[in-house]
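To keep things simple, chains are lettered A, B, C and D as they appear, and every chain counts its residues starting from 1.
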Amino acid sequence: MITHNTQIRTRYGEVDQMGYVYHANYVSYCHEARTELLRKYGINDYVLESNNIMLPVIKFNIDYKTPAHYDELLTIETTLKEIKGPKMSFGFKITNEEGKTICEAFSTVAFVTADSRQILRTPEIVKRALNL
Amino acid sequence: MITHNTQIRTRYGEVDQMGYVYHANYVSYCHEARTELLRKYGINDYVLESNNIMLPVIKFNIDYKTPAHYDELLTIETTLKEIKGPKMSFGFKITNEEGKTICEAFSTVAFVTADSRQILRTPEIVKRALNL
Amino acid sequence: MITHNTQIRTRYGEVDQMGYVYHANYVSYCHEARTELLRKYGINDYVLESNNIMLPVIKFNIDYKTPAHYDELLTIETTLKEIKGPKMSFGFKITNEEGKTICEAFSTVAFVTADSRQILRTPEIVKRALNL
Amino acid sequence: MITHNTQIRTRYGEVDQMGYVYHANYVSYCHEARTELLRKYGINDYVLESNNIMLPVIKFNIDYKTPAHYDELLTIETTLKEIKGPKMSFGFKITNEEGKTICEAFSTVAFVTADSRQILRTPEIVKRALNL
């Protein structure tokens, strides 16, 4: 299973007046975590760019369980769930330092050409990097 | 049906290097739109606060259809979908000036006391404001 | 004098746990206000792009006077302060609904070619639009 | 001299359509770096909170030298410049992995009581932590 753990420390400007990490920020945290997973397998931004590949997000679902606060160190466990045709999907589980689940999320990105914005089947470079 | 249209002009800092509105920003747009719907029915921040009510988001699902760009005027059609026990759910449809659907989203918030963060059943003040 | 007033309603995710608009967000508000001033004079994003002009910010100074809160309607008075060689400078004064000054800021942008990122003297298209 | 180096990797949603880190984000980076400096000296969020101290920013000046891009690892060298009466000032120098200066900034925060939002002289707890 292709999985990766990323740590993110919550920033002051990411916390709202309830004292909770503002809910939209978890979307960015998951993006960061997905980037780290792909980087670990050699698929970084420059590889994508030089292969004319973009990865726009086409779906994002998130369930919030427990609020996180300012200056907490969160762990994001990211798992590649599916890669099929023009799409790649990831699951995310974010926990705090006591191991409590903050939220669980799921996102799908599409493979698109950077220049003409055409939908692509799973690029060979991605398959090879992930040993698929 | 309880519904409201809100307009938002996309900001420069909200657009990513693909030239698309960064996907996490739609979560904030939907929050803004939900706030406007509630404001229209008299449930603004001060009413909530003075009644010791907070509305943390517990679920957010979004499907991205077409990218929006910098400086586009987006319309967010917000609909109250359900209000039941400790939860209130909203649907969102975001369209651009040509009427193209940018994304569709769904969010659920919980009623929670501001001081002790206890879950609440639908507060009377909310029911009355929405004629429920 | 080239000046323009823009209104912005503060968003929930822009407020920090002190209950104040997070200080970095005023930088975006001023950008928004500067864009509106230029748009009023016919210099919108598409005009800039089709003339191969970019406007990166090279300096930003801000003094915070009074905090703004969630859901306040702020007025940003933007004034073109100077336009000279490769630079254009703007002053900003942000006030709340009671007319209290929230902050005062000053920013300078440079004229740069979009394709090769070379510094430009004030483009003719900008001079004409601003009657300079 | 009280100084600290913090590293931040730029996130996708922080980059604008020029391909540059959006200029407002450096304000958050500097906040993050200042927090890390204070944490190193034992002045973390919980210490401040339990001593009824808040640190709102009252001034921020920044000069942008070279753009940073997505996924760059930036180093923020933070220096305590002055601490006097109700104010504390910091200098920031952000460099990329090649050692190029991205920007230089300067910020001033005020000491304020968290409950009544009154201005304070430099709190003893801060003086002791910083050996002043």
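We take it that contacts are C-beta pairs under 8 Å (C-beta built on N, C-alpha and C of every residue); 3 or more make two chains touch, one makes a residue touch a chain.
Computed from a prediction, not measured in an experiment: that's the story for all the values here.
Asker: State the smallest step count from chain B to chain D, taking one step as a move to a touching chain.
Answerer: Minimum number of steps from chain B to chain D: 1.
Asker: Report which interface contains more C-beta contacts, comparing B-C against C-D.
Answerer: Higher contact count goes to C-D.
Asker: Using mean C-alpha positions as chain centres, tell me how far chain A is from chain C in Å, no decimals.
Answerer: 32
Asker: Report the inter-chain centroid distance for chain B and chain C in whole angstrom, where each centroid is the mean of the CA atoms.
Answerer: Their C-alpha centroids are separated by 27 Å.
Asker: Please work out the Cα centroid separation of chain C and chain D, and write it as a whole number of Å.
Answerer: Measuring from centre to centre gives 23 Å for this pair.
Asker: Give me the residues of chain D that touch two or more other chains.
Answerer: In chain D, the residues touching two or more other chains are 12-13, 18, 24-25, 28, 31, 70.
Asker: Of all residues in chain A, which touch chain D in the complex?
Answerer: 11-13, 28, 31-32, 35, 44-45, 70-71
Asker: For the complex, give me every residue of chain B touching chain D.
Answerer: The touching residues are 12-13, 15-19, 22, 24-25, 70.
Asker: Could you list, by residue number, the parts of chain B that touch chain A in their complex?
Answerer: Residues 18, 20, 23-25, 27-28, 31, 54, 56-64, 67, 114.
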